[in-house]
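Both complexes below contain chain A, partnered by chain B and then by chain C.
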Partner chain A sequence: MTFEAPDIDYAGLSPVLALTVGVVLALVVGLFGSGRRQRIVVSIFGLGTLAAAAGLCIWQWGESKELIAGALRIDDLAIAATLVAIVSAAFCIPLSWREESVERPLGPTGHGEFQALLICSVLGMTLIAQAQNLIAFFVALELLSVPLYVLCGSATRREQSLESGLKYLIIGSLGSATLLYGLAFVYGASGSTDFDGVRAAVGGAVVDDPLLLIGIALAAAGLAFKLSVAPFHQWTPDVYQGAPTPVTAFMAVATKAAVFCVVVRFFDVALGPAVGDWQPALAALGAVSIVVGNAGALGQDSLKRLLGYSGVAQAGYMMVAVVAASEAGVSALVFYLAAYALMNLPAFAVITIRERETPFGDHIRAVDGLGRERPALAAALTISMLALAGLPGTVGFIGKLFLIEAAVDSDYTWLGVMIAIGTMISLAYYLRVVAAVWMRPAAERPAGGAMPAIAGGSQEADTAGKGVRCRVILGATLLAAAATVFFGVLPSPLVDWAARAGESIAALP
Partner chain B sequence: MDITWYLVLSALLFAVGAGGVLVRRSPLVILLCLELMLNAGNLALVAFARSSGNEEGQVFALVVMVVAACEVVIGLGLIVAMFRRRLALDVDEMRELRG
Partner chain C sequence: MLNVLLWMPLAIGILCLVLPHRVAPWVATIGALARLGLAIGLVIGFDLGVSELQHVVDESWIPDLGVRYSLAIDGISVFLVLLTALLWAGVISFSALRGHHEQRGRRRLFYFLLGLGETATLGAFLAQDLLLFVLFFDLMLIPFFFLIGIFGGRDRIAATTKMIVYTLVGSLLMLVGAIATAILVAQDTGELSFSIAELRANLLSTGSQEWIFCFFAAAFLVKMPAFPIHGWMPDAYRAAPLPVLVLLSGVLAKVGAYGFLRIVLPIYPDATVTFQEVVMVIAVASILYGSVMAFTQTNLRLVAGYSSVAQLGFITLGIFSLRSDGADGAVLQMVNHGLVVAAIFLIIALLYERARTEDLTRMGGLATRAPVLAALFLVVTMATLAMPGSANFIGEFYILNGAFQEKIAFAFVAAIGVALAAFYALRLYQRTMHNRLPEGAESREISRRDSLVLTPLVACIVALALWPGLILERGEASVEDKIAAVAEAREPPVAMR
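Moving on, here comes the complex of A and B:
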């Protein structure tokens, strides 16, 4: 009996390996030292891991190969989604730096555990973006979700944070269980767990199999929970508001990037031949999401809830690209995911900074008069709001243009019209924030300086604007805001990048 | 092999679990119901594995068991953290975040 050495493609696996090592390193390094030193050392290792993973991804850019006996596949689409996740995690790390002893998550080893969980979630996103069979898909989805549940509940001193963690756990697990049941039926109908096997079976005789239809419906519902697509979105504003703001920023951007990537692979590729079965359903989900998200955001006074509802609407816009089921659709989706990261991260950064500077938490009063007080922050927030609303000159406009183009090309013109209508409604609440920033005087602060027990409500207000930490956060915020405008004026580099990712999906319906 | 009855049973389990998540108020019972939903998926996977004659479904079910255990650990951890803060362990009382 002879053994054959398995052929392991370490180059293709290198981003996954780097992140795995990073999780372990962050945990171990977090045990040494405490306070300031711990924060610095852990952050160096955490950011170093993310930088290494990003570098390895860029090195593998343009490759297209199967890994681990076909369970994973690294191609430009996977790498693009991974890069978006890595950038938002790298943005989240400086935001999570806090004054010692105040509001530190998770006790004395806080920073190590926080960043280990964060990198673990990025690892799950990397894997899900590469998943090529149902098992890898499900395990990677859990690997990205489970650390997020803990991160949401990580500010254990705040009731809201614990509550949002438990809510996210219950709703997320409900979504996972629904998805699993759907995947079981897809497996039952096709007799294979590989996406290729499912595609072959679906292309054959089982298109009208009731088992497959049940499977598609349940899987779509389960994924809609994860993507916060209406009508499965009720948890979104609550969890966004309760979770620590840096975690919210990461969760909003990175989860969407990774899960939309697998939605493309699962629906557009594996279930591609059954396109008639799922296309109307996803189109309806997208349309409902656009309406519900934009309508829900209108009356919100909490900025995080506002961005939560705005995220529901944006998920609806992105769903349109999946419905288009074409190369143009996938490219538009990748472009919009990158744009969404650039637009959303500065907004969350400004909210985090203001939560620490003012006693209003994430209430819209926290940004009143920001234009006079902190012009740089005000400019970043304004750019991000205008970009989310899709004004020309920002990356959000170009992104919506591509989405509408993809929808029209695939004979879903009415969805393109829905995007336009949704954008019009959304101006009402995005401009409200801009008006508060520039047109209102700074809100009166209650005397005594008693900070309420809200997110980030620490004594850091005294040192606002000073220190390395604040400068790093401010620099990253302004960089992202500048990129939002830059790619809005000169979109071609980002467009080429997204087009390459779209081309890597060969088999579309 | 006819797997109809296994599927009927798994559908019942799934419905009982989903109903429990929706109506029960204690987070502990909700976690139990989530387990029930995942196990309904497992039963369906194993049944389908028998009918289609390959073992992939059984492998999937084994993996799901591990994942389910992880979820419960996190859930119990959060519940313990809430209990230590003397928060009401009743999901209807969790109105700190309106919604």
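Moving on, here comes the complex of A and C:
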């Protein structure tokens, strides 16, 4: 009896391998030097790892092949989601410089550990984007979540950060458990863990199987936790607010990209034949999310909470693309994910900078009068807010256009109208930020030594990075804002890229 | 040519951001005058009696969605483009001559926003692709949000937020409507296209037309604004800086009326016929409500603002008479009203400087030492109340003529509005210019730099009164074309009567 080892396609696996090596070595590299030198060495290493992974992804662009005996599959959709995750992680690295959560409590190895966790999470995202069976799906989801729990709680001297990490851990585990339970039911109904096998079984006679329906319901709820889709979103504002801002930025953008990718594979492909069962449910989730997210953001004074609720609403918009269950829907989703990264990252960068420059933390007062004080930052934040609100001339407008088009095309016109209504509500809070930036005088700062009443409780936290004017952060922020406008005016390159990702799913109409 | 015209304002606006404070206004002024020259060139070079599009630019923009970057002018838009260029040139030079916005130290931003606003407005008038139109229509709001919010008066933030939320409610629904139109048409033709000509050639079923019509009508009526969805208007008009108000009332309000004529009538003719009376009721209600409010308000801005509501009611009535004489009059009246209201708001700025108030009850006697200003104001007042001999008279005559032949009851009620216009326009003039000069006010002749802007504007009003055919002749063919689109949709061919 001979045992044939499965053929391993190292080329297809290369981005995953690069990231794995990066995770291990980041810890080692983190041991060298301390302070400024450590920061530089580790950051160059981390950015290098991400750049290598991105390069390998681009090299594999256009390929479509099974990896590791069909457990994973690298195709344009996976690569697109991976690239979004990598870009947001790379953006997060300069943001984390001088962040007290990274540099102080973890001691001399701070940066190494931070980046090992970050890259590990990216690795999980890469794998989940490629997952082709239920087991790889779940393992990859945990691989991306666990480092995030730690990262959220990494500002160990701040109560809020610890609370955020703990809350995320508990709620995230609940979501994972629900999802796992659902996946077990799906396996029970279809008798297969492969997405293709599930598809074949569902295409047969099991559509009305109660086992399958329970499985779908539980899996949808579990994924909704991860995507912060209402009504499973309650953790989002708290966790977003408590986590260190660079982590929030990464979590908000990259998690959505990766998890939406697997949602497409799981619902649109594996459960594609049972579309009638889950489509109305996901449509309802999307609609509720749009309303709850936008309404919740209205009264928020904390910018991070505001962006948290806005993320809930944006997840609702993107859910519409999944509901469309068509190639146009997937293309729209990928486009919107890229747009979402470009729109959100500058906003989080500005919040990070202002957290260090003002005593107001992430309170909206921190950006009062920013237009006079720091016009470049103000422009970036304005573009970001206008794009999130979907105003024309920005990539957000084109993204909404594609989402609405996909919805109408699949006879879900009412969801298109929901997007429009959600956008109307959202204007009230996005424009509030813009008004604070340009139309209010700078807020008066409390006299020196006074403790701020809001986030950022400890003295160290406030003095750690005061007055930092980091050119790299500013440059990256302006670049992302410029890209937001550029792709809003000339969307074709990004549209073609998203269309390729949509085409890579052969099973869709 | 159209590309240059469209993008020059934005390019110069961006240039203004980096130029020194002292230079920026003058560069902006030169640019605005150059655009005015281009726009005049367009009118001169316009082929008479042709309903076809001219100066067509057509490039692929988002191929996946079938959205094209296509621009052109026809007999309707050419004059609105001219009006846009004229009023922007007036406002930019008016502000540059007075250094109006130094107080907030953000002059460069002011000229940049004005440039962005002009590009967006011109884009809305030039777009021949439905989605491109929606895009520019929405884009118009952004600069005005900032212009009012940064440079405005009291309560400016609340006012500007209210304005943008109100107007975007309509235009976002319009976006959904536009996409739905293209997709529903594509289900028949098999090709996704937003080209207005294509959509017109392949009409939707009546049921789809009806709900999409409502979305478009909401967008356009809010923009005008029409009663009863004018709620943003009083606050925004109170808070906006006067030069910005010139553009808001003079040009932006017209985009709504233009949208009805250019887009709704040809693409949704069946729904237009169905909702004809509803829109006419709204139009007549706007005329009456606007006129009565204009008569009772004491704030100068609001008098002018509510009179705009009434005037736009007339324009809407003309368009929805669905007859070519009514629509001809509406096109003429769009230009007339743009010119007149611009002059009024500029004059209000001058009156405010002299009386230190915008309250009608605390003004008076400003004419005593200012004969030239009084004369200019008188001309504008006469034009506002549509005195026979003014182009407004001809415009309103055409509109009422169209309405009389279509729905006589509406025309009778609307005619009351003409009489009311005399009341509020004369009241405005008398209360400010005549009577005794109150304390603190000072009657001063118009300064040379202000007359440099105001005199040409009034000259345009007079010229149009002498030669309304300039617009009527060129607009006629295009208007006929739009009305013909609707005429086919009506079962008994009333228009042939």
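By our rule, the second predicted complex is superposed on the first by the 475 of 509 C-alpha atoms of A that agree within 3 Å, B and C clash if a C-alpha of one lies under 4 Å from a C-alpha of the other, contacts with A are read in each partner's own complex, and residues count from 1 in each chain.
Following the convention adopted for this analysis, a contact is a pair of C-beta atoms (placed from the backbone, for glycine too) under 8 Å apart; a residue touches a chain by one contact, two chains touch by 3 or more.
Just so it is clear, the model here is predicted, and its values are computed rather than measured.
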State whether A:438 touches chain B only (first), chain C only (second), both chains, or neither. second
Of the partners chain B and chain C, which touch A:169 in the superposed model: first, second, both, neither? first
In the superposed arrangement, which partner chain does A:31 touch: chain B (first), chain C (second), both, or neither? neither
When the two structures are overlaid on chain A, which partner does A:149 contact: first (chain B), second (chain C), both, or neither? first
After lining up the shared chain so the two structures overlap, which partner does A:159 touch, if you call chain B first and chain C second: first, second, both or neither? first
Go through the superposed model and pick first if A:187 touches only chain B, second if only chain C, both, or neither. first
Kindly classify A:284 by the partners it touches after superposition: chain B alone (first), chain C alone (second), both, or neither? neither
Contact residues of chain A, present in both the chain B and the chain C interface: none
Per the touch rule, the chain A residues reaching chain C in their complex are 331, 371, 386, 390-393, 397-398, 400-402, 404-405, 408-409, 413, 416-417, 419-421, 423-424, 427-428, 431-432, 434-435, 438-440, 491-492, 495-496, 499
Which of the residues in chain C end up touching chain A in this complex? 61-65, 131, 134-136, 138-139, 141-142, 145-146, 149-150, 156-157, 160-161, 164-165, 168-169, 172-173, 175-176, 179-180, 183
Residue numbers on chain B that touch chain A, as the complex places them: 14, 17-18, 21, 27, 30-31, 34, 37-38, 40-41, 44-45, 47-48, 51-54, 56-57, 59-60, 63-64, 67, 70-71, 74-75, 77-79, 81-82, 85, 87, 91, 94, 96-99
Given the complex with chain B, which residues does chain A contribute to the contact? 134-135, 138-139, 142, 146, 149-150, 153, 156, 159-160, 162-167, 169-170, 173-174, 176-178, 180-181, 183-185, 187-188, 191-193, 234-235, 237-239, 241-242
